[in-house]
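Would you mind keeping the following structure in view while I ask a few things?
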């Protein structure tokens, strides 16, 4: 091949192009390569140094959840035809991927009750931050009012982005576990470009989303942005029904692995008027030269490769495969199934709330409804209690304050209940937590 | 369904029907676990004013229907495992299945991101090792794995330069990008609240140094560059460029999408770059998934380090009794630009990229870049041999790095077929076309990146296909102009799609 | 490769090239682990006279080449996940992917067959539970899971009957099988050293009782029967048949290939059968794998039990401290016919079948059979509605169980297309054809088994396709006679293949 | 649908066809059905009650081996297109499967050095028994001479089958771990229809296969049948080179999981003259109506569905998917790779032999070469030693006598070394075995 190129060595090819001053001139200081078997063994050893949700009875949640992902999701996502293509730049040979995007958009529209959806963004928190950018492009205002009920990662990501595109953030606190309605109403004014809240919020509490939007729209004309948990949307009043303008969220509960936090997908849906300012790919329907129905990436004039610095977002590679997983999971759950699942989670979370609050000294954080996650207040150091539970084989959930850093969150434990956690598992949790609390109380006394 | 005609392929006969148009009431795949806790009135648990009014009209389908629907759909995709995919700037290299196997191990795939540090040391170690490897490959010592894709890494990088200058009390609002740059670069600049200033390309395909000198002043925050650039050309003036940019007090940002050309040969850090983003889904073979997931870690120089996003992994004294340093995620970084997303990044992609780096090792990575550059130059030479150059000349230079850009302008003039027609006709030959109409400064551009994992036989066949299409166009350009003919659908009307957008299934 | 014509599909354009014709010297996928032990001269360890002289000319290919080769090949297969596959007698029901997931768990897939009993109680328990389930489903109390497929189960069964009679000092050498029986039945009889005696079929499609009475004497070892039989007809005289056979001192063997018709409705044991084999790869949805693996457990009555193959699982008192009976494999069976294969059978198939039985449960299995029978009768009715009956009448009866057999004789006479032509033309419509030319006693037979996992929509489309093909043939029989037109290859010359067999790649 | 059929209920459909006397009339006494998640959990619990080769350092072999199976094998075998079709009865839509069979046959021919191969049979031992049936069909003689070096399962399976098709079996013992050549020569006469031996034999020893065949052919005209281990065939003199007529074997080492013993595949290769008496499917090359190369099932007149009672075998469903796995594994190992692997196993097995025999009281069973399995004699009860090793986390291999039941096999431990067992692993084995032997010896004294 070198002869065909007209050089006598590969080195020549590089030397002809890379100036001497910037040649590396030595081997990279990396370990030698290994055969497949050795790499497998090495990665397996690393995996064994982690404790997975498959080995430990775990109630961790706070943004990522151990839902049961049906086998067909893996099977479909592993198909070369879905796994290995690039973004569908040649629609004639990408109808599979494009139709999946179209179906996914349909599903997200149905879930959120909003008329338009893109084909996925990176993940939840950055989706929220991107919604802020879209709001800024929409009305040019740079005052954002945010509920403290947002996931702390969302809040921080929004701050990072907002510092970039120039927006100031006003935080509204909670009352009995949900956004303080009075403070919320007061904070929102005519200068407010967008308002943000989470449903259910980070603490698991169901907000009165409709009221939040009404109050927001009463105080000005902000873009109302909700970060929603998709698994709850079959039973919870939908963003569309609540008057929300933009609904975003973390898609991991739909077909996603835990994967130590990623990759998953973010979803992004909005009212019609935002269509041409949406970030990301959008698949649209059309016909081919012979009149066959087909799908293409559409409204690309929003996008970076066409509009460059005037693009509505910089996103390019998104999360198509994860969105496929989400779509397949949704089809598998089905119309009635997803409602049944919602009711199951609601019932089990209620049971967990009751069982945990039977423990001496443990109380519920709020009186609000909760669907698959609940925050309880412990009478002693959360870290110590957690350590004891974990030693007993039960990971009781997330230490809230460690994540939020808020003083008022001291003692809060966030417990996630998925369909994989049976009544028996919840009883085991109650027992372990009870024992741990008693021990810690004993130590304190 | 009408009787199959001989002219129509089986897939063409099949009309697109979405999953929402299939199924029937009562059908479902999911069997919900029983409610095993004491029954409480659901309306007490969630009052009616918080409940959904209109049900979400999700599909009502059985599992066999779902499987058949999506398996059939999958067959309407072209994929890398089935054919050559020389999409320029995308590095469509083979995706080893070992990576899927290891990423699926419970200890990786079923690990919760908030699992206690003591119970996730394997994951932290993997991330740490990956960071060290990326630092060595790029020549920049500090790595943050968090960004979700290349463009996200760019955002991190541009925010870092802002933070850097702000920390020095400077308001630098301009970002220089060459006109060959990828669209994500200028788009990112705007998202970060800065302003794009375009740089011209010189006759050799590199940055026009005069233009750079004229624009590099104290209002400039940074220069964003990929090297080799999107023409496949390694900028011979890279040292001067760095000097000029640094001389103006600005930062040099490296768009790492083209890293596959230089691994083990040259390092952005050594060229003078302060920040680089990696595309693990390009150079490090995370499968593209039809449009993601990706992962876009960044590596930076010492002076940029204080501003890195949180969290970062830190080494602490051994704790588990295994003598190994204990690794922890820390958010305690006062000058950090903050978080860019939830949790720690796309760990699943880290596993694959790490497996790739360990499989290849130092020599293997260098061999990969070497083979990528040889393959690109061989394909270029082969096209020349076949006389393709006449209609499709190389846009700049004589050699190339891992990819090259042809101009379809002569072809359009002389053979009356456009680059788009050539691309569509390639589909009939069973090849995925190259990237087309990018970079923008090349007329009728055709950007070809074969990657190192293709065989010579494949390159020969591809070159021959291009030659054949040109020869065919000489006889009858209409064939290419109406191509593709054998794909599941024929040329699609993109204008109509955008004019009256239908972006979800009507029900 | 010549320029793609519009008439040829992309797959047709691609010529078959084997993996042995690809690659090049020096290419490989495997990186052999280093020899990490002290070097010893290999010729000392294995002297030259024991060493191979001619190297095995295995492929020399890289991993990307292997992947692309086999992924492309896979696309030249029709598969159940992509389309309707009504192959009669084969029970092509949906294969749930859950089964692949659980079968792949390390504790199942990476378990050595000689792992100590105390460290394989999960596997033994699974086998035990599966045995109990199959016993209940068949109404025969003793199960041996060992046989590798249906035909292997048949061999076990016929050897059992021999052992049974021999144990009673009887030399019974004849085995009765109806002329509708599957080819494996008579072939098995010969392999077991016995002799086939054919039984006639009566007008209703069942066994001709007179013929049976005439032949059932003291030289008969057993009668092999499937019920419903391969015509899809449940023999109304099954009780008398059993009486006659038992009256003659012979054994009644049930070929379980058609069990999918009757699960939860009727049981071979209750019909009087002494032995039954199951096809886990039919009724219990082990995927067929393009021709295996399968699994053919047998269940037998008390009197056959002493002769069951070894090993069998036995329950012992609890040992692991878990209060559960300890399970052990035992070879201690003096009257056993012996071993049929290595180890304990196709455990991987047991896992899938067991998962299936636990998924469906008692009601689900019954529902499956019910839906299978409804689907078959619905399709039959639908074909009647479309007037197909005129050319393709039902061979026997009015209703059917889970499958039915049409005769293509009128079609051949009147429309000048044979069953084979119809089958090939169905391929152009995207359907897998039914089983053809079996059973042998039906002229131009077409044996259709839709299974329970197909939707009504699919059945309607299939019926319509048959009607369309008949209508088309009325206009122009040549289209079907030269079909298929759109498959990766067109009609293949089987005669030439057998005349001068080329059964490996020439190198 | 019932209306279209013309019945008013499903029950009617069944009652019309199944006579009352044989209706079940009650529900099956089986547990209720479960959802996917519950079935998964149940099967996982069962899996956890097994100790897999992934969890335990294991030297078990004796017919099934823990070789490293590359990831592409799983990926390809899981593709719907390979996993779900039936036997390729419609070649026009089965070219994938048929070409794989053709390639597989080529690979088996190359490995065995024999000109014809079928497309797979069930597995190893029954393959041997089927070869006996073929020999009987070939020459009609019913006296079989077998080496005691055969795997005990093969020997027993052969007996079972032979009792059926009528053949008498004469067993020839071993000498220094391999077939006793004198006894072998003596046992074979003109009445001998077939002779059977294993290479390497059950005890891991390499036989002088060429000599065995020479002696056999010297003593009469039997069909010489060898059961061979495919993983050794890249370095071992091939059956074809040794004059063998029929080579069969267990294919599990090629691409197979352990799967507690199955499914795997059996291979079956022979000299040209046996072609029309081979059992099983055979793929052959041909052309289509337009002259394209293609593949079909050929020589079907041997088979049960055509020839019925005069078929050369009753086999129908075989092991196509496992054969695909084998073919892919072979392509992955490649021409040179398989030789390298053979040398690696040879070297490591030699090392293991040395290390184990350094243990006081442990001796090697024979002086013959061994490639990836070796039998050593322990000075004390094998069961007791094994139990101690297992308690120490090392499964040292197979208790030979427990499998063969032969008196002379007392004390024998069969140790399998695959490429997954490193020098370090072998050292660990030596240490554990040494300690266990010392303890047991101590107990005995």
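In this document, chain identifiers A, B, C and D correspond to the written order of the chains, with residue numbering beginning at 1 in each.
The rule is short, and it goes like this: a residue touches a chain if its C-beta (ideal position, glycine included) is under 8 Å from a C-beta of that chain, and two chains touch if they have at least 3 such contacts.
This one's a predicted model, so the numbers in the text were calculated from it and none came from an experiment.
Engineer: Consider the two chain pairs A-C and A-B; indicate the one with the greater count of contacting C-beta pairs.
Structural biologist: Most contacts of the two pairs: A-B.
Engineer: Report back the single chain whose CA centre is most distant from the CA centre of subunit A.
Structural biologist: Farthest from subunit A by mean C-alpha position: D.
Engineer: Measuring from the mean C-alpha position of subunit A to the mean C-alpha position of subunit B, what distance in angstrom results?
Structural biologist: Result: the chain centres lie 21 Å from each other.
Engineer: Subunit A to subunit C: how many Å between their CA centres?
Structural biologist: Chain centroid spacing, subunit A to subunit C, equals 46 Å.
Engineer: Between subunit A and subunit D, what is the gap in Å from one C-alpha centre to the other?
Structural biologist: About 49 Å separates the centre of subunit A from that of subunit D.
Engineer: Subunit A: which residues touch two or more other chains?
Structural biologist: In subunit A, residues 33-37, 40, 44, 54, 70-72, 74-75, 78-80, 419 touch at least two other chains, as defined above.
Engineer: Would you give the residues of subunit C that are in contact with at least 2 other chains, written as numbers and ranges?
Structural biologist: In subunit C, the residues touching two or more other chains are 30, 32-33, 63, 67, 71, 75, 79, 81-82, 96-98, 100-101.
Engineer: In their shared complex, at which residues does subunit A touch subunit D?
Structural biologist: 36-37, 40, 44, 54, 68, 70-71, 75, 78-80, 419-420
Engineer: Which residues, counting only subunit C, touch subunit B once they are in their complex?
Structural biologist: It is residues 1, 3-4, 6-10, 13-14, 22, 24, 62-65, 67-68, 71-72, 75, 79, 81-83, 94, 96-97, 428-430, 453-455, 457, 461, 464-465, 468, 472, 485-486 of subunit C that touch subunit B.
Engineer: Where on subunit D is subunit B touching in the complex?
Structural biologist: Its residues touching subunit B are 33-38, 70-72, 74-75, 80.
Engineer: Which of the residues in subunit C come into contact with subunit A in the complex?
Structural biologist: Subunit C reaches subunit A through residues 30-33, 67, 71, 96-98, 100-101.
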